[in-house]
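Every chain is named by a letter (A, B, C and D) in the order it is written, and numbering of its residues begins at 1.
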Amino acid sequence: MFSFKNDYSEGCHPLILEALTRTNLEQTVGYGLDEHCIHASELIRNAFSCPDADIHFLCGGTQTNLTAIAAFLRPHHCVIAASTGHVNVHETGAIEATGHKVITLPAEQGKLTPEHIQQLAADHTDEHMVKPGLVYISQSTELGTVYTLAELEAISHCCRENGLLLYLDGARLGCALSSADCDMRPADLSRLCDAFYIGGTKNGALFGEALVIVNEALKPDFRFFVKQRGGMLAKGRLLGIQFEELFRSDLYFQLGRHANTLAQQLQEDLEDAGIPMLLRSPTNQIFPILTPDLYARFKSLALFEDWSTLPDGRRVIRLVTSWATTQQQVDDFLRALL
Amino acid sequence: MFSFKNDYSEGCHPLILEALTRTNLEQTVGYGLDEHCIHASELIRNAFSCPDADIHFLCGGTQTNLTAIAAFLRPHHCVIAASTGHVNVHETGAIEATGHKVITLPAEQGKLTPEHIQQLAADHTDEHMVKPGLVYISQSTELGTVYTLAELEAISHCCRENGLLLYLDGARLGCALSSADCDMRPADLSRLCDAFYIGGTKNGALFGEALVIVNEALKPDFRFFVKQRGGMLAKGRLLGIQFEELFRSDLYFQLGRHANTLAQQLQEDLEDAGIPMLLRSPTNQIFPILTPDLYARFKSLALFEDWSTLPDGRRVIRLVTSWATTQQQVDDFLRALL
Amino acid sequence: MFSFKNDYSEGCHPLILEALTRTNLEQTVGYGLDEHCIHASELIRNAFSCPDADIHFLCGGTQTNLTAIAAFLRPHHCVIAASTGHVNVHETGAIEATGHKVITLPAEQGKLTPEHIQQLAADHTDEHMVKPGLVYISQSTELGTVYTLAELEAISHCCRENGLLLYLDGARLGCALSSADCDMRPADLSRLCDAFYIGGTKNGALFGEALVIVNEALKPDFRFFVKQRGGMLAKGRLLGIQFEELFRSDLYFQLGRHANTLAQQLQEDLEDAGIPMLLRSPTNQIFPILTPDLYARFKSLALFEDWSTLPDGRRVIRLVTSWATTQQQVDDFLRALL
Amino acid sequence: MFSFKNDYSEGCHPLILEALTRTNLEQTVGYGLDEHCIHASELIRNAFSCPDADIHFLCGGTQTNLTAIAAFLRPHHCVIAASTGHVNVHETGAIEATGHKVITLPAEQGKLTPEHIQQLAADHTDEHMVKPGLVYISQSTELGTVYTLAELEAISHCCRENGLLLYLDGARLGCALSSADCDMRPADLSRLCDAFYIGGTKNGALFGEALVIVNEALKPDFRFFVKQRGGMLAKGRLLGIQFEELFRSDLYFQLGRHANTLAQQLQEDLEDAGIPMLLRSPTNQIFPILTPDLYARFKSLALFEDWSTLPDGRRVIRLVTSWATTQQQVDDFLRALL
């Protein structure tokens, strides 16, 4: 049985495991104040050209999103997100549990547009409605698509015009930034966002996300919020050690490229075999549309997630590759299937 | 430099690292539904004689406390805790951030008494005050002491009489249950508490706590709360794998005994050398009282935490041992000091 | 200048003012435990045929909604509401501020359908999404429409099938139940809803809403929630005295009928004059569609609220009548306008 | 039966009832934006010499406290209050329900001291503990005592030194400022506090409190918070009309003086009759200590609140006078009793 279920089915990249083993008996201070976290932060500041950013390491995506967003907003602020946004759909109301409404906008292929944001800001004018406070976007999106540099610049501009913070969920940032469609460099994120996170869990780490706070106003006291929300790991160095390995070299982007390459091969070969896609994804998640027969054939060969059902009865599924997927697995799966 | 700063200065016990390495490329389902979590839960149910308990694995103590307590209570309920309780002092208001007041009671040597609980319940009678909902205790306490079986039974009885849930924070449960002063068995916790957690972080794991829910009424939908609070690890198996090692054999209690033995040696030898203790601790945290001269000597030799300053100017410090502390370190430190 | 801006522009019905004056120097116990509140509750239980219901008097609609909904739900529950629902649009995220997501459904003319509710319940199946907990409907709706008995029965049935609570916002219940289109009796609400509130503010009272809790499971400790959310009035009798007047006789429904009659006259005469309506409202809010010329003419004569702008540039406005609107005012306005 | 149970047993002062009657059919805009609220705000700004303050009218004390405090703080901030403080004891955890811990300090006769505040601020230094954000005091206190000008200045100075906001609960401000022991003028509050509220409910109004925000940083968007917490009255003018009457003349302080005078007569005559007091209160709440016999005699004559029981079995009770208490009632009660 092949698995294209997600990008967190295995442990971690061997280099990370090796680093954890090598450092296991080192004695360090707790709570992310150790040398590994300091060093990993330095590597990230270099990689993303944000020498003054604050970096905080957290355990997972939902935790990072809820901690950051609740810290950045005042009680009357809402979050603006795509209807497909992870904070809206798949975090069990974590943002609302901190007191903030999430208002959704229609999203073509998972992406927000400045026009929609502008309209929403214009419609929210008095104290009987929530006040727009922060725009949440994902790069890559939940549908595998990526914002281009021009798109991100337009959204960033719209946010600044309207007094909105821009926060980018980078659970799959490695794949996004190393995808063929992506024309932005890491430094662009630091320039255009107020804060963003660099996902480790889905790109080779055992677990861990690195939150990058660029906006000076959002920095003070942030460690209080991490602790209060239960996100401050006693052995915080575990996160530092992992991100040291990911950013000591180009590893973080290499792993993204690897996953993308295999997903693109899947997408192209399936298309060549006449299987349409819900959309053209340039990253590690692809969305074939399957007739009942094909669906059964896929099901007999591989693990994957059901995405949706079209009005005509065909099923959309999601196939995901990762740093751990091998060329052999993709080749064998395609050979068995086609 | 010796370190008696805390019990989370190193990585994890070698057997756990080995298990993580061995299983690294296994493909499993996410979010704690994998075979390792299932197996670890089974081992815990056996060890604690609670065949019907629900087990949930979370990343850290604050996260476990806030997730459980917020899930168990309705909005008007308060938590009753010792003034020294971890949820009251050292979790940055995490419980209050979920909406619940923590009312503190005076605690001798870190322990609550049924008399104080009873009095507080009697005083809270109408809707202008919060309604007592849950009693929080720590075993061992923040001062290293342990509740005896009789004490826990009395508190449990008082809770049931007053319609209060009893929740036990077991961050250092390994040391508590393997201490010389402790006359309770694991099964007693399952019998007397509504829920408790078994701390991994401070007893040999990289990270991770196992929440045990015994009370049937508290079980439904608990995974929603874990997810909503950001505590559901994508690669949940990491927690299962670690707890498998801790409970596959007697390892969890062995590690506690090891830490206790070394702390007791420290406590006895320091006392023999005329250094008084704040209290007699039977577990892995001890609290010497130091004159300024002695404090300087300790400071030059070891890392530790300052606990408090007595009115006469003497300093109380905390020395902590762990699974990772060696006999050699303790011997060398004592030799250098005395 | 005429005012059709809303139904809370004046003070209160003379009978209520008279009662407040008559009782002004009575000494009563506080917080809604006085004889007036007890009597008013009894009158409401009779009027709505719910002899066992608990009645709580609160100051306003948002306060009632947020207090009731937060009390009824557990933290992972969401509210299902029409996209036009007051809790979704015009309460500044009050529900989310208590920790609960509001999920909106498309609503034709302000009304939810069982089909949409059923679909949403079917789509929310695991712990990564919020759990549907309560359906919120307004009677009359924010668009002046009313649910028929058959519609309410179908929604109630759907809720019970899916384990959902049904909560009805009756800010304008007086107008709804006394409208020509409404074929339900007060007793039907008690039979079909778990809780609902009877709006006083918009139907003749100075302020005040009466929350009726029918479902036994929702009753315990409710006064704690009222107090905790800041809704427990020290001189609670003020609310009891007002609702005594509204339900001592048929006054509550008389006032609704009065407002409806005048709004219907406006609606019919405007339609007769060729002015289309956004929809046909049977209650005290009507929604004429105005060309720019007509809009200017209305603007010069009366106060009202702008509702929306159609793609063709025409403006939809809202005209509201109330217990305080006089026949003379309506006649004069129509004469001046047409 | 006499009643000294509280200062909210009756309706309102006749001048207020007259004003409500006089204005009943005026048509005004809603939500506190009407002429009465504007005028009342102006009168308050004059009375308290704070020409730039923002004034918001809310319905009750708990609502005012929770709305203001939650608006002023960020999530990691705690409130510092006397252990006897109303927000700590008698608001059902309303502050915690907005996410903030209340830390209590020992309070002699209901009053905080700068020394205790200073010590607490010094003890809260890292992100594992909440960050002190706001000091809550009551004037008069829950024990009837009043802060002197020197005491308030010292607390204000301590707050500014430590970056803490100073918020004053003026539920009984009328009695406090008109008491013989009080050497501060209204303007001093505006100079020394960041925000405070002027209590109407307990000083002649039907209901209503006027929140005065002096600190510029706390002003923006405050109406959003009032709405979100359910405190924005549709017919907001009701509050404006009442405060117009209270501050159109010296009425607010006259009513306080009246209540004080009668309470002082009670206190002095009881003391003259050999009945000791828990403390000497200069305002409208007094606390006689009663032997069982005396307690029975009081109980047979009047309504009052039980306050506490002394170790020797004697009962402390609270007697409260108000604007509505008459000289006749006090004379008759004393004659009947002594």
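Structural remarks
What we mean here is this: a residue touches a chain if its C-beta (ideal position, glycine included) is under 8 Å from a C-beta of that chain, and two chains touch if they have at least 3 such contacts.
Worth saying up front: this structure is predicted, and the values here are computed from it rather than measured.
Using CA-based centroids throughout, the chain positioned farthest away from chain B is C.
When the C-beta pairs in contact are tallied for A-B and for A-D, the bigger tally goes to A-B.
Rounded to a whole number, the gap between the C-alpha centres of chain A and chain D is 50 angstrom.
Each chain gets one centre point, the mean of its Cα atoms, and the points for chain A and chain B are 34 Å apart. In chain A, the residues that reach two or more other chains under the touch definition are 75-76, 91-93, 97-99, 127-128, 130, 224, 227-228, 232.
Residues 75-76, 78, 89-93, 96-102, 127-130 of chain A are the ones touching chain C in the complex. Chain C contributes residues 3, 5-6, 8-12, 14, 17, 20-21, 23-30, 59-67, 91-94, 97, 201-202, 206-207, 224, 227-235, 238, 324 to its touches with chain D in the complex. Remark: chain B residues 70-71, 74-76, 98-99, 127-128, 130-131, 221, 223-228, 232 touch chain C in the complex.
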